[in-house]
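What follows is a pair of complexes built around chain A, which joins chain B in one and chain C in the other.
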Partner chain A sequence: MPEERTYLIERNGLTLKNELDASSPKFLRDRYAIAGVGETTYSRGSGRSTRALGTWAVRNAMRDAGMEPGDIDGMLSYSGNDSTFAPFIAGDLGIRLNFYMDVHGGGSSTEALVGIAMGVIEAGLCKTVAIFRAMNGYSEVRIGGTGARSAPPVTGDQLHSRAYGWQAAGQMFSQTFMRHMYDYGTTPEQVAMVKVAHSHHASNNPKALYPKRVTVEDVLNSRFIVKPLHLMDCCIESDNATAIVVTRAERARDCPRPLVLIRSVAGRVCKPRSDMHYQHGPISTVAGHYAKDILWPNAGLGPGEVDITGSYDAFTFTTLLQLEDYGFCKKGDGGGYVSDGTIQLGGKRPNNTSGGHLCEGYTHGMSMVIENVRQLRGEADDSCPAGQDGKRQHTFDYSEGGCRQVKDAEITANLGWAIPGTGSAMVLRKG
Partner chain B sequence: MAINTEYFGMPLGIGDLDLENLAFFRYCAEHHFHLQACVECELFRYPPTTACPWCGCLESRWMPVEGKGAVHSYGEVHHAIQSAFRDHLPYMILLVDLDTQLGRPTEHEALRVAGNLTLPDGKLAPPEEVRRAGIGSRVRMVFTDVGEGISLPQWTLDQDAGQPEAPWRYPQE
Partner chain C sequence: MIYQRDTMAYDKPLPVIDNESRPFWDGCREGKLMLQHCAECGAWVFYPRVLCTACHSERLEWEEASGEGVIHSFTICHRPAGPAFAGETPYVVALIDLKEGPRMMSNIVGADPESVRIGQSVRVTFEKATEEVTLPKFKVIS
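The block that comes next holds the complex of A and B.
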C-alpha cells in the first residue's frame, strides 16, 4: 500500500530507507526508546502497599527520564490479582492519562507491553507511556504459590492440573525441564551454572537481595523442591515495584540519559495448544522457538550480534531453554552454553548481569529490562566510584563487590517467559 | 448440575455451564475414561475443550479411550504447596503418552494425560514405588474417588506390561 508508506514517512519525519518497508512489521525499528527506568528497593517485607510501591517506582522512572507528571499520558501494568491498577498510581502522582490498560499476566508481559506502548503511541492515542509492575511477592501474594495463590477453588481447566498437586510454577514446568535432560543429556551440574553465574553478577549489584556467590555444589546440595529443581534452581520471592518509560525516539533524544532504542519486540508468542502446551511436542522446545522468527527479522540482526542477554530466570532451566530456542546456541546445547563461561561477566555474552530473579529480586521480568537499559547507557549501578563529572568510572574488574558494567555494550536481548508455551522478547540498542 | 466437593484440603468443583468437564468427570465417576472425538477429523483431544484443536469443529462425541501408555516426563514434588500433600512426599506428577493416537496428527503429538503416580487402589504412591518409575515406564489408568460425582484419572505402574529395564530418572536421588 504505497499511500500508507508515504503517510508513515511524513508522520515520523524520517527518510524511508531501503530496509524499511511499511508493509512489514519492522518499520518501527529504532523509532521508539526507553527513556526512563526506575525501581523501589528490593525487600522481603516491604511494609507498604503495592500502590505505594508502584507510585515509588513510576516516580523514579519518570524522574530518570527527566520528565514531569504532565509529560506522561499513558500507563500500562500487568499483574495477577496481586497489585494496584494504573489509575491509582497515576492519580497519586498527578498524571492525567489519555490511555491506560491493566492486563493479566506475569513473566512474558514487560516486552509485550512495550510493543503495546509503541502501538498506541503510533496510533496517536497518547505520547509517552509508563509501564509498571508492583508486587508484594513475598509478604502478600507469594510467587512460590503458597497462601493466596493456592486458596481459590479448583475448577474448570485446573481440575486437570491443580487437583494433582500440580500448580506452582516449578511444578508446572518440571516435566519440560526433566524432558530436556532426557532428550539432550543436560546435566544438573550444567544447569546449576546459571545460578552460579547470576550469583556472581549479584555480588556486584548493591541492590541485590542475595548477593552471595554460590558454587555448583551449593546448588546441588540445596534441598529438592520439585525434581529436577533444587531450592537454588528457583527464583527468590520479594516485594518491589519496577517501571520503565517508553516514548518516541525523537522525544527521548531530549531526555537527560543516554539514548536506548527499541530495535524489535515479540509479544506473548505461543506454542500450539496454548491452553495445554504439553500436548504439542517436543515439550522441551519453548515459545522462543517461534518468537525468534519475529524478533530477529524485525531487529535486522541475529543472536551473534547481541552483547548481553536478559533471559528470564524464574528457574535456572528457563534461562537455558530460552537461550537455546532463541538461537544463541544449537538446540540441545544449552547445558554447554550456560556452563562454559559465556554467560558470566567477562564472558562473551553475559546473561542477567544484575543477578536476575535468582538473586537480585523477583519482578516478573521488568528488572532485566531495566538492567539492560542501564548497561547500554554505560551506567550499570555497581560500586565503582563516581568521577568528577558524577558518572561512574567503571573498572571492568568483575571480582566480588566490583564492577558489573559490560564494556562497549551496544545490543541487548531480553527473553521473557510466562510458561514453556508462551514468551516475549525485545532487542534494545545503544542510540 | 454443578458438582462441589473437597480433595486434599482443596475445594473442588465443576460449574453448571462447564459442560465439557461435567461430561468428562461423569465418565470418570464410573471409572471410565472417555475423550471427545471430533465428528469431522475424528481426532481425540485432551483435556476437554470446546472445539477441535486441529480443525476447529465445534461438534464432538465422547468415545472410550484405553487408559494405557508410557511416561513422557514427570516432576517429583518434594516440597508441597497444598498442605494436605505434605504427608505424601515425594509425589509424582506424570505426563503420559497414551498409546491411542500416539504421533498423530504430527510426529510430536500425543494425548498427554496428566496424573499422579498411585498404587492400583488410587492412593498416592509411596516413596519406594516412586523410585521405580521414570520416563518410559509403562502405566495404566486407575481412578481416585474424590467425592460425589468426581473421580480423578490417575496412573499406576502396569504390572502386565513389559517395563523398561531402567526407566530414565533424574540422576541425583
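The block that comes next holds the complex of A and C.
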C-alpha cells in the first residue's frame, strides 16, 4: 500500500491535511443557497404517476423560491428504476434546460446532488438547479425490496448474497446493528427511543402519515421483521415527490423566503471495500466515520455547534449509528445519546423534527433537508396560528398537536444514509 | 458430503456464474470451499475477482480453504426476501470470518436461529440447489 502523506499545506488561508485531501475548496462555503423547497402530499396510494408527482413537487419548490420557468436551467434527480427523468418534468413545467442529470441511487443522494449542483453552477454550466425525487414507494416499487425488486436475476455484487436470502434493506443492514449491540452493549430499549422521539415530532406535523405518538413498549412489542429490527424500528413506505432549488447565495438573496446557506457538503463518502462494505471491519462503524473529516473542516464548525440534526432514519439504528460516527457523541455511546432526551423537540439537539422516514413519509432523504430549511427560516409548517402578517406565530409548546419550530435554530446537519458503507452529509446555516 | 434439498424445483435466486467465479462454484459442487490466494503477496481474496485487492497482482491461485470460521455478525430474518424464501423463515443470514481471513456471507443451518451467537465457531457444509449450483452454508460446531 502507498504510504500516506501527512504533511500540512496552506491553501486559501486554510490548512489542509495533505495533498490528497478530498475536501472541496473552502471558498464555496456559504456561496450557495437552498432558495426553494416543496413537496406533494405524503400518501399510501397516490393514484398518480411519478411524472405527475415530480411536476407538482418541482412547481411547489419553484413557487417557494419565487421563480418562473425561465429562472431554472438545471435539473437533477435520483431514482432506482422507479421514477421519471428530469427532461419530462422540465418539459411539463416549460423549463428549458442547460444541464440535467438523472443518477442512480436512493438515500444519501440529496446531499450529494446538492454538491453536484454547486459544482455545475460554479463551472458555468447553468445558473439554478432544481433537484427532485419522485416515487410511488408504496403503490409501485416498494422500498422494502421484497416485491418487484426481488425479481431481477442475481449478478455482479449480488452473486454472494442474494442466494442466501439477503435482499431487503433491513436484511442488508441488520448484521451491522447486531454487531453494534455486541460491541457496545446498545439495547433495543435505547434504540426504540429514536422512533419515540420521531413520533412525537410527527404528532406536530400536519403532513405526517403516522402522527400517532408511540412508546418504547409499542416498539418492542411490534413483531420482528429482521432481528434486531421490530416493525416499528423500520421506516414507512409512501408515495410522494420532493424538490429543492439550489442557486448562488447572491441570487437567493432576491428570493422571497429567508436565506438558507449551504455551509458544507460531503457526497457518497464510502468505507474501504465499497463493493461489499461488510468485508471491512469493524462493521459497526459506518461511512460517517470518514465523511465527518470532509464535512466539519469544510463547514468550519463541529457537531457541538449544530442545533438540529437530520440523521437518516431508514431504521431507528441508522439514526444512531450516524450521530455517533459524525461525532455527536463518543463512539459506542449512541444508545445513550438517542435515549436521554437530546434528540427530542425541547432537547438539546432534536433530530428529524418532521418525524422523518419513520413517521412522516419516505422520500430517500430529501424531506429531511426540506425540514431543516424550514427550521432555519423559522417557518416549520406546524399548527401554530398565523399572525396578522401571515407569518406563523410559533408557541414553542411541543405538546401533542402543537409547535415543532426549534427556537433560534442557526445551524443544521443532514446525515444521509445509503448503506452502512456509504453516506452523504450537509451543513446548512441561517443566512 | 453434499446435502440434497428435497424441494421439487429450486425457485430462489441463483448466482449467474461468470468466468471470475466459476472455480468457486465448481469447488462447491465437489464439496470444497475454494478461495483465491495471491501468489505474490499471500493475501486471501473473496469474492472472486481478477486482481489481488492487496497488491493488484494477476497471479491469484485457487486453493481449498479450511472451511472453518467464526460468526462475525448475523440477523434472523422473520420476513422473507421474496416469496421463494417464505417457507424458510425464520432463517439466519450471517457474516463469517473465515480462518484464512476473508469475511463471507452465508446461512447458518441446522441450528435453532435463537441459539446463534456472535463468536460461535462454524464449519462449511454444502447444499445442492440445482445441477449447476451448490451453495456453501455453515453449521455451528461450538
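Just so it is clear, the second predicted complex is superposed on the first by the 407 of 431 C-alpha atoms of A that agree within 3 Å, B and C clash if a C-alpha of one lies under 4 Å from a C-alpha of the other, contacts with A are read in each partner's own complex, and residues count from 1 in each chain.
Simple rule for what comes next: a contact is a pair of C-beta atoms (placed from the backbone, for glycine too) under 8 Å apart; a residue touches a chain by one contact, two chains touch by 3 or more.
Computed from a predicted model, the values in this text were never measured in an experiment.
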Partners on chain A (chain B, chain C) - clash or fit: clash
Touching partner for A:I225 - first (chain B), second (chain C), both, neither: both
Chain B versus chain C as contact partner of A:P188, first or second or both or neither: first
First (chain B), second (chain C), both or neither touched by A:G47: neither
Contacts of A:G304 with chain B and chain C, given as first, second, both or neither: neither
Touched partner set for A:Q279, first chain B, second chain C, both or neither: both
Touching partner for A:A168 - first (chain B), second (chain C), both, neither: both
Common interface positions of chain A, toward chain B and toward chain C: 145-146, 150, 153-155, 159-168, 171, 174-176, 178-179, 182, 223-228, 273, 276, 278-279, 281, 283
Complex interface listing, chain A residues touching chain C: 1, 145-146, 150, 153-155, 158-168, 170-171, 174-179, 182, 223-228, 273, 276, 278-279, 281, 283
Touching residues on chain A, where the partner in the complex is chain B: 144-146, 150, 153-157, 159-168, 171, 174-176, 178-179, 181-182, 187-188, 220, 223-228, 272-273, 275-276, 278-283
Contact footprint of chain A on chain C as seen in their complex: 12-16, 18, 21, 46-47, 53-54, 72-83, 85, 88, 90-91, 93-95, 102-107, 118, 129, 133, 135, 137
In the complex, chain B residues that touch chain A: 4, 7-8, 10-15, 18, 21, 25, 45-47, 49, 53, 72-82, 85, 90-91, 93, 95, 108-112, 114-116, 135, 146, 152, 168, 170-172
